[in-house]
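Below, subunit A partners subunit B and then partners subunit C, in two separate complexes.
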Partner chain A sequence: MNPVQHPFTARKNRSRALEKLTFWLFRLATYLVLACGFFVFGNIFIKGAGTVFKKSFPFVNTVFLTEAPESLYVFTYQGTKMELGDRDYRAFRAAEEARAKAAGQPVPQFNAESYVYSAGGIFPCIVGTVLLVVGSMAIALVLGVCAAIYLNEYARDGRFIRFVRLSILNLAGVPSIVFGLFGFGLFVLFAPRLGVAPDPEKWHFRLWPLHQYVNFVGWGVSLISGWFTLAFMVLPVIITASEEALKSVPRGFREGSLALGATKWQTIRKNVLPYALPGILTSSILGIARVAGETAPIMFTAAFVVRDKLPWEGLDHWTDFFFQGVMALPYHIYVVSSKIPQNEYTARVQYGTAFVFLFLVAVIALASILLRNRLRKRYQW
Partner chain B sequence: MVTAPTSAAPMENTAAPSTLTIKVPGAPAADPGVASTLIEISDLDFYYGAKQALFDVNLRLDEKRVTAFIGPSGCGKSTLLRCLNRMNDLIDGTAIRRGAIKVRGIDIYGADVDPIELRKRVGMVFQKSNPFPKSIYENITYGLRIQGVRSKTRLDEVVERSLRGAALWDEVKDRLHESGLGLSGGQQQRLCIARTIAVEPEIILMDEPCSALDPIATAKVEELIHALKKQFTIIIVTHSMQQAARCSDKTAFFYMGKLIEYADTSTIFMNPANPQTEAYVSGRFG
Partner chain C sequence: MPSAPPDPPSPFPITKARTHLLGLTFDECIQVFFGGNAVMAVVILGLITFFLFKEGASFFGQNRENLTVYRRAGLEYVDFMRQQEQDHTALTRYLSDLRLRTLQHLTGPGGLTLAAANTQLAPFDEFANRYSDAVVPLRGFVSDLTDVATAIKTKFIVMGDNKTQREQLLGAGKTAEAAAVVITPVDFKAELAPLVGTLPAYRDLSTAFAKSLTEAIASPPKLPTPELQARMERFRALTQQYLVSFPATLKNLESWDYLKPVPVWQAFTAFLFGKDWLTASFWQDWYGIVPLFVGSLLVSVIALLLAVPLGVGAAIYVNQIASPLEQRLIKPSIEFISAIPSVVLGFFGIAVLGEALRALSHVTWLSWVPGFPFAERLNALTAGCLLALIAVPTIFTLAEDALNNVPRSFKEASFALGATRLQTVLRIIVPASLSGIVSAVLLGLGRVIGETMVVLLCAGNRIASPDFTAGLGVVTQPVHTMTGIISQEMGEVVRDSIQYRALFVVGIVLFFLALLINFLAQKIVRKYRISIG
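Right, the complex of A and B next:
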């Protein structure tokens, strides 16, 4: 005979077991994601830290962070193995040859092996990536916020607006390499420039009668081509998120403002947009990570494999600033890990660059988060 | 907490129509003298898309009086109120298919009327108090700054006058530059009223201004309505029949989009002509 059970006694049956199993599966999935994240970050951090930091003062590898990439020369000289960057190697060699000559000794032989991009640093890439991120985010935010305001505040829902929204969604699904090719076709090869004569050898679209002033000769592989390409790539994210942010501003603020005799634009500018900004910034943080990280859109439009000059050096005219290519971190990683012969010296550059890259994205994102939090505190409701 | 309206004359006023001698507790009688019509609504048919919300409404609203719109939910009273400052323009598909609304003889839906200018003259206080997430000072000066007023002395003066006008000055004068959202619910609603009177409208529309307030805050707002009608024409939509009885001069009862009865408040509550009105005010439905 069964002992008397009260009705709430814990029981064991199939549905309880299934519940436990399901939750464990979910929990494992979460842990797996966490483990992957730790592995990726840990790997890059541990291996990259060896390049970026050093054991002696100032503990940071300043050469790596402040100089341009160089070839590494490895040679044995008078019994010691030496590893020198391009400039150091030339200076060393010239000094040794001069010394030998003065002492009347035979000219020393170096027989150095060179490894491309394995010495020096990645400063031009850092500069290039920062410029690309700042410029493209500025363009994307201006265009995206304007579009979002139009869609959310002005446009009346209709067939055309539905079509626009559908287009934006589709744009979000376009692979980044397609954006790269689009940017190459439209900006690099075709976009109009002021005051540049067309090449008579080539066919160019001419805007008659303005062809003396404006010609569709393309912007070339340049910062500005990269900015627009990257901006178009993140536009869907920015527009969608900005619309959400605008929607989350209570209707009462709009009505209250309009009831005081404000125009729609005054209402939006003074009483809607400021409150939506934190939300818009949140979305742009995601945009920043994407813009900084994508290689495909810039490899045809903005990135150079190597460029010793920094963007602000040697400009004939200030507008030339926009029409020059730059080095960029993701493209540099791509180059040093797939376009040059691999050896024991390339790994440190790869990991070091990846480390700096992650750090840079984190810093830019952190700055946006701080800005957002400040705005949020100011406009709370 | 509730102090009776301090206007001395009305109760002894013998010239008023006889219906006004019936005393609704706390109800103000009309001021002496004949009120002039400020707003004239004629034959109004209003539609939300294909759905008709107002049917053939005819109404004349008096200047510097409080008019209450009462009726069960969905009867069209708020819709009519929002027609008066063209707030309905903001909703897609709304249209007046027939009839007109005239303020001082001017058709406010006429082609040459700018709704922005209209809304400067016809202010509105909403059901849910909606102070902007700015300081009290900025809330009050919002309307003037929109109009381009920059003078600090002028703005300071308007802030004080409006807050005094809304009986809020003593409570907030030491924290004008703190957020308007830090105020209590009743204070927030009075802040919204202060914000509205800061632009000096002629007409103030109130859409259930007390529905989210506790009785004490409600009493303060009602007191304020009494004080404001010396200067402004007030139209108030309310769900509370006691409120309509307490603070309005005339009351319009709506049902299913139609104006059922419009008369002096005391008549509506004590001696309604229409059986539907009587059923509603005596609490038999709605």
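Right, the complex of A and C next:
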């Protein structure tokens, strides 16, 4: 016996089939995007994990994470294939040559192939990236949040403020390489530095009554140039997002507080900022992800291809700390993927660096997405 | 029991702050602090524009000077003849292509052996040799004149260097040393005399050249198939056209005047419409943005062609079709993809995707795809695919927002009238949010065109306009882009040199392009938004 037909069951016809087909196409598009994204993640995580982790204790490749990059030497010696980093190779070679000399044998030949940056680790790059991110975010957050508070709470909505707001919004879409160019022109080549003597070739003036001169000689390729370049790159994003967060606090919160006799600053501090904070935090974490991930702006403002000293080593004066270039993870990835050949020896450092970098950025981004979803639920009015 | 003394009257809980600093109350101080930060942020963001222009502006003056030297030193004169020589080379290339086709036909299935085919092609080779040898006198002639013109230019540059040196010495107060710097002014007229004096010789040479070409093409070899024969006819027609252009070249040479001033607009048009970007060349540097602009555009178009269907499709799916659970999982995942740094994607392109696409292009049954197979692992297609992955999250998020803003009542009304889900989605929801979707696509374009690391690593970095005669196959050619050239050359240029300025002007172009795209996106949203209510 046939089951009773539901009276409202749709009849099968061409338009139903078409609908199903179209919806499947949309579904396919969605999952294709996800598959591509996760393939990239998976590829780098799986291949990079081989460099970053090991099978035995302590399971993490501490050499890779704590040492500076060096050249890798690959050679066959007395029938065994050896791969040694620069320092080990020199020591090994010296020891073997001394041994051969002592034994009266001919000096052994080493026909080593060398691959730059393929041995050692990426510690200076991690340090550089962390320094760049911390410094630039500090600048960007102070300036950005304060500017947003001023624009949203204090400024009267006039034509000028609207123009400023529009320009900031538009600057958010300017390519990062243009900010790099700007940072190069302004900070690297032009920014002022204090000095005891005037620089005759540059624009300069004396800080009158002091015996100090301000010379517009530029900061060079340095940490501080990178900080400011990156900070101004994310500044539009942070201002816009913070203002958005401030705007979403209902007017009644402010009016209630003011009506009770609180001053403007008390109102802002107690009744606006606490509720806008989640939004500001989210935007700033997104800003961190962006700052950490960008390569183009630091290519010619802050990053060195290679530097053998860590930032805090060998400083003559504490201010030199700010005026030194650093190695950075994204720039290191660029260097190792474009300037050295692709083979099994170089792939380890390439994938390892990409793994560490992607992991850092992904954690930051994930944190911001989770935080936003959580806070969105908590504050609803 | 004595009653406790009454509490002193408690102060009013909210008292007005009375702190004064420089005549300002505490509140005003705070306001000034915030205002000061805002002013500083705005001022420095304004400086961006200023500095781009400051560094870029004098490019056009320098470029005009560059073009003036090109004319004064007679390089332009020599280039007229060189052009003639190069056109001939292009024709020879056509001829060798024809030979290859004929050879393939002859040695094809059931055909001759290679040796026999080559024997049969002997008359063709004789013809081709006669044709290509005809240019030899011209080539020698041009090569001699090149040396002359280069010598004049070098003299001029040395003079310029000496002048700056003397000025520097004078500036440092070393008058004696400054006087010792010898500046030999370049007498262009006298220097150019031997160059221009070759005109009668050239006239004879050109006539002889035309004659030998005409003789050469008078007796073309017979080719086996009508298709190849048609190509030979085409070749002869092209040569005829080439011969017709001879008097024009001669006229150019005759009317050439080294003193003719270079108009100001030419400094701009040479940049905006120049087809060469050639730096550090021994002959003449050219700064034309066209190849870079076309490269950027080509890569972006590929990226958008891939990203728009995927991004918009995914947005429609997530917003209209997916179950709530899918929605909750897919949205953050796609946003998460946008967190992949572009340099990592570029590395992925070099390490995995480029190789994979090339392997794919060599699969036999895919050879019908235009541009397949290709040999260059890094090309516009590789970069375009990766840029698509960058653009998808942007397009997805914004398009999803736009779909979300369509009022529920639209959907309900549509269902109430008996429309199916597909009809509702495609005819009601999507059109209602079209302005938002278009602006999402525009912002995706802005993201893609400004992207640097992916194109620098994966686009192949060949500075030449892609060859559009290849049809759709153009997508598999290596290109260079505006963002790529800045990041590649900025690290190496001398400060204040013309190349340095040119890179800043490219930056200005990018800046305005980004502003234009943003502006359009906002305008579209505002103008075509469906009024709700």
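What we mean here is this: the second predicted complex is superposed on the first by the 317 of 381 C-alpha atoms of A that agree within 3 Å, B and C clash if a C-alpha of one lies under 4 Å from a C-alpha of the other, contacts with A are read in each partner's own complex, and residues count from 1 in each chain.
What we mean here is this: a residue touches a chain if its C-beta (ideal position, glycine included) is under 8 Å from a C-beta of that chain, and two chains touch if they have at least 3 such contacts.
Not measured: the values here are computed from a predicted model.
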item: Subunit B versus subunit C as contact partner of A:260, first or second or both or neither; value: both
item: Subunit B versus subunit C as contact partner of A:214, first or second or both or neither; value: neither
item: First (subunit B), second (subunit C), both or neither touched by A:250; value: first
item: Which partner, subunit B or subunit C, touches more subunit A residues; value: C
item: Which superposed partner A:156 touches (first subunit B, second subunit C, both, neither); value: first
item: First (subunit B), second (subunit C), both or neither touched by A:354; value: second
item: Which of subunit B and subunit C A:275 touches, first, second, both or neither; value: first
item: Set of subunit A residues, in rising order, touched by both subunit B and subunit C; value: 260-263, 266
item: Residues on subunit B engaged by subunit A in the complex (per definition of touch); value: 85, 87, 90, 92, 116-117, 119-120, 123-124, 126, 128, 130-134, 142-143, 146-147, 179, 181, 192, 195-196, 199
item: Contacting residues of subunit A [partner subunit C, same complex]; value: 15-16, 18-19, 22-23, 25-27, 29-30, 32-34, 36-37, 40-41, 43-44, 142-144, 146-147, 149-151, 153-155, 164, 167-171, 173-182, 184-186, 189-190, 232, 235-236, 239, 260-266, 289, 292-296, 299-300, 330, 333-334, 337-338, 342, 347, 350-351, 354, 357-358, 361-362, 364-366, 369, 373
item: Footprint of subunit B on subunit A - complex, ascending; value: 156-157, 250, 252-253, 255-263, 266, 270-271, 275, 379-381
item: Of subunit C, residues touching subunit A in the complex; value: 14, 16-17, 26-27, 30-31, 33-35, 37-38, 40-42, 44-48, 51-52, 54-55, 309-311, 313-314, 316-318, 321-322, 330, 332-337, 339-348, 350-352, 389, 392, 396, 420-422, 426, 443, 446, 449-453, 456-457, 483, 486-487, 490-491, 495, 503-504, 507, 510-511, 514-515, 517-519, 522
